[in-house]
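The first chain written gets the first letter, and so on, giving A, B and C; residue counts start at 1 in each chain.
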């Protein structure tokens, strides 16, 4: 009995880690962006376009690395558009993010239909054989992010731009440049997260394939308090609930599947509630910076 | 050393600098004097590259320069310390000092070595600090030292200081001036922006006065008197508000008994006890950040006091919420009108409603708002208080600061007003509006109102108060009668000393 | 007309032109014929009684949810959860009508509206309370609640609200007393549109002409000043959450009571998210919301027709909507030179 309990635990842990990968990657990217002061509700759009681009490129070139790169770049395209709107046009970042979600959702749907037409069979592409490669990438990113945030001058500048942009400006730091850079990182990592869903988990693309993961990643960032290790742990918690969801279904519980698909979202709300009183948002989050403002 | 010629700058059509000229010689401390809104900070922001000038020339060390960002100014050895400190509260002293620089080993610099060099500079100029302290833990005076170290670290030859003594005690100001003299001896030039004439007289070599965005005069400090400077600054002789000595005060009014406020484990207010009688003004002096805002908010009910009693006319109001305390006749004029008193994007009528949204007279039969009644109330306020507004329906953000403050006053002052709590009511206002506000306060006093006047402007306190309380670290150091009060004694109390000491000693 | 107003209108004309251009580009990418595409689009909107009725049908829930989001916006409560609140309202309406089958319409209809409002309001009150009391971001919370509500619907139509006679996840038919009357027998347009317009007027009165509404707007603009003056920020946030969610719940009631007459999955093709666009384009006021609701509804109906008539995928409507929003958001910067002229004069 002991041995099987341990195997069960390890299987769950392994599954949780795999489920946590896209949330971790997207969460890290969003944390970088938020630390610089730009909040991106359109994380969903980033992941979606990342998934789409990686799928298309892998389908046609049969090259997984190219697909990954395409996914990252696709995500970056969305995030840079958001960056221009938020930094240069100074729009309401929440609305901009939501609008992007709409646009990209329609766009990917539209393009998919054009490329593949209305076929009954879902086109598939090849996937990574070694599923763990993404886990290593994700953990490496967590470590890199921690080093950059807390041990490098880049991290200090990033922090300054998000907390007190005027101080950074008077010190000669370009607030816009850092914010654009942060958004770029957000897009690349988010696009990578989207590619993971297609290239590692599923092997195909369909409408709404991200199913709200982008929003859950936002919750993960809040609970993890924008700390890379915290984000990973929070993502693990949600990953665990997702793993639980799949396992309970296969174990033959007679309740409708929706009971299980609810788990990750309920967990995200619980995660949000756990972050009560631990705000610590960057002081300038969501506030566009204007040098000439009196 | 520096020459600024015919600088012009406008914001949204309103001119801030009109053909302004400034000349600075090497190794001199130059005062830039003017009232609020005279254009001093704008001019210096242009020099520092924060703003772009519309017209004019800046000549630095013999060659014309065009700074498009502070980076250029810093590269040319010009540094600026702003009125509101440009320090990131969640970073250390050392990190703030080196912010924006690329020290050796960038992006992974040797923080220990940097800490050491920061410490070295701070000792060299008498600006003692711990490089690893978090900015949020430092006092205002200490934060200012960090700002100056920032400039020295970058080999600044010209230091621009914007209202540097605004938040310092008289003793801290003295040590600050010593630092300035030391910097001058080391060959640096300093421009001080201020509106305080005594300080100009004490520390500067030359002074330029700005008024209404234009040059009023430039002269050697030893060639002018305080009165002359004041007249240049204001443009007309000063009018002094006369306070009549009142009869002994009657009972009632506002009183606090041993009120304390503890927030997040820190004591903000400690054992505050005072009584303001009917028809009395109690002035609360003290350097900002010693509990003034907390005191006002505790009286209004915006913050809940932790212990002690708050009484109004003998009745305990400690358990009432803000709305009910206000309906008992307490008015509040905050120092931060943009955030506390007004809704900037609403118009005059709606801002009036902010105070009177529960009033039955502003409601019609069906529970809807009575716009006609609101309109006439707003109109009345505009006429009685001579408020200049582009119409009743214009968002209140388009009114000038003085008119906004007058509006707030007109709204707060209704009949049956028993008590007024005012914090820095004339800060940022022109002389005309300031005099108006003071006259109204004295009028209220003669009508029997209890007034708590909190201000960091000692002149205001001395002019209006019947008694003066000094607030230091959340506690009343003493409550004195206002007659022939000694400025030095007040300064000592404000700095936390109850025993008389000789000047010149550091805190 | 002043120069300033003329310039403003020009910028909006510019946005319309850019939008049209985008549509044309997308049509061409698909290889469709632009003329045929546009003509089927417009035929889909006013070409027949059925098309016009469809525009009204789709506009009804958008007006409700748009009003709800607007109230939220005005009070500082960003309600992205209209989708979930809609479903909760639909669930309540179905459950109530099935539980009290015998009641006459005159009691039944107000009852289901009340129940739907309460359900939606409660669903929004939870994130609202979390925001008011604990400062938790309502943006993410309401989105999560959407997914939860959709799943709850799925569970219910498979268990307690499942029609035993059908193998599909669908509820039994609602009693006729709970049906919103339709105007014409062959068209789907129903009385819900009148209820929606009535509520639009009510919302206007409440928010702009009563002290309660004033307090909510004040809290949305400057919560700090409200605190100093004695207006309770928490209470008003929670109130606006309830009202906002309640209105979205009413959208759900109309969909089941007026259109489907039973509860099933997928009754909302993202009405809750579209509501945000409706509120934005409508300038957060009831009249604008009505106009924007009809506009978006027309866009969607026309796109469906365009798909049938010219083979252009209907998802083009999402793209166009997103583009419009992005253009509207960035209008001041895009047309900077045009709009800045009168500022410097």
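Note that a contact is a pair of C-beta atoms (placed from the backbone, for glycine too) under 8 Å apart; a residue touches a chain by one contact, two chains touch by 3 or more.
If you're wondering where the values come from, they're calculated on a predicted model, not measured in any experiment.
Contacts between chains leave no pair untouched here, as each chain touches all the others. Simply put, of A-C and B-C, more C-beta pairs touch at A-C. Subunit B has its Cα centroid 45 Å from the Cα centroid of subunit A. One finds 28 Å separating the Cα centroids of subunit A and subunit C. Work out the mean CA point of subunit B and of subunit C, and you get 47 Å between them.
Residues of subunit A in contact with two or more other chains: none. Residues 11, 48, 50-51, 69-71, 74, 80, 82, 85-91, 95-96, 98-100, 102-103, 106-109, 150 of subunit B are the ones that touch subunit A when the two sit in their complex. Put simply, subunit C touches subunit B in their complex at residues 205, 209-211, 214-215, 217-218, 221-222, 224-231, 343-344. Interface of subunit B with subunit C (complex): residues 12-13, 297, 300-302, 321-326, 332, 334, 339-346, 350, 353-355, 357-358, 362-363, 367-369.
Within the complex formed with subunit B, the subunit A residues making contact are 151-154, 156-157, 159-160, 163-164, 166-174, 291-292, 294.
Of all the residues in subunit C, the ones that touch subunit A in their complex are 26, 29-30, 78, 80, 130, 134-137, 139-141, 143-145, 147-148, 151-152, 154-155, 158-159, 273, 276-277, 280, 313, 315-323, 325-326, 329-330, 332-334.
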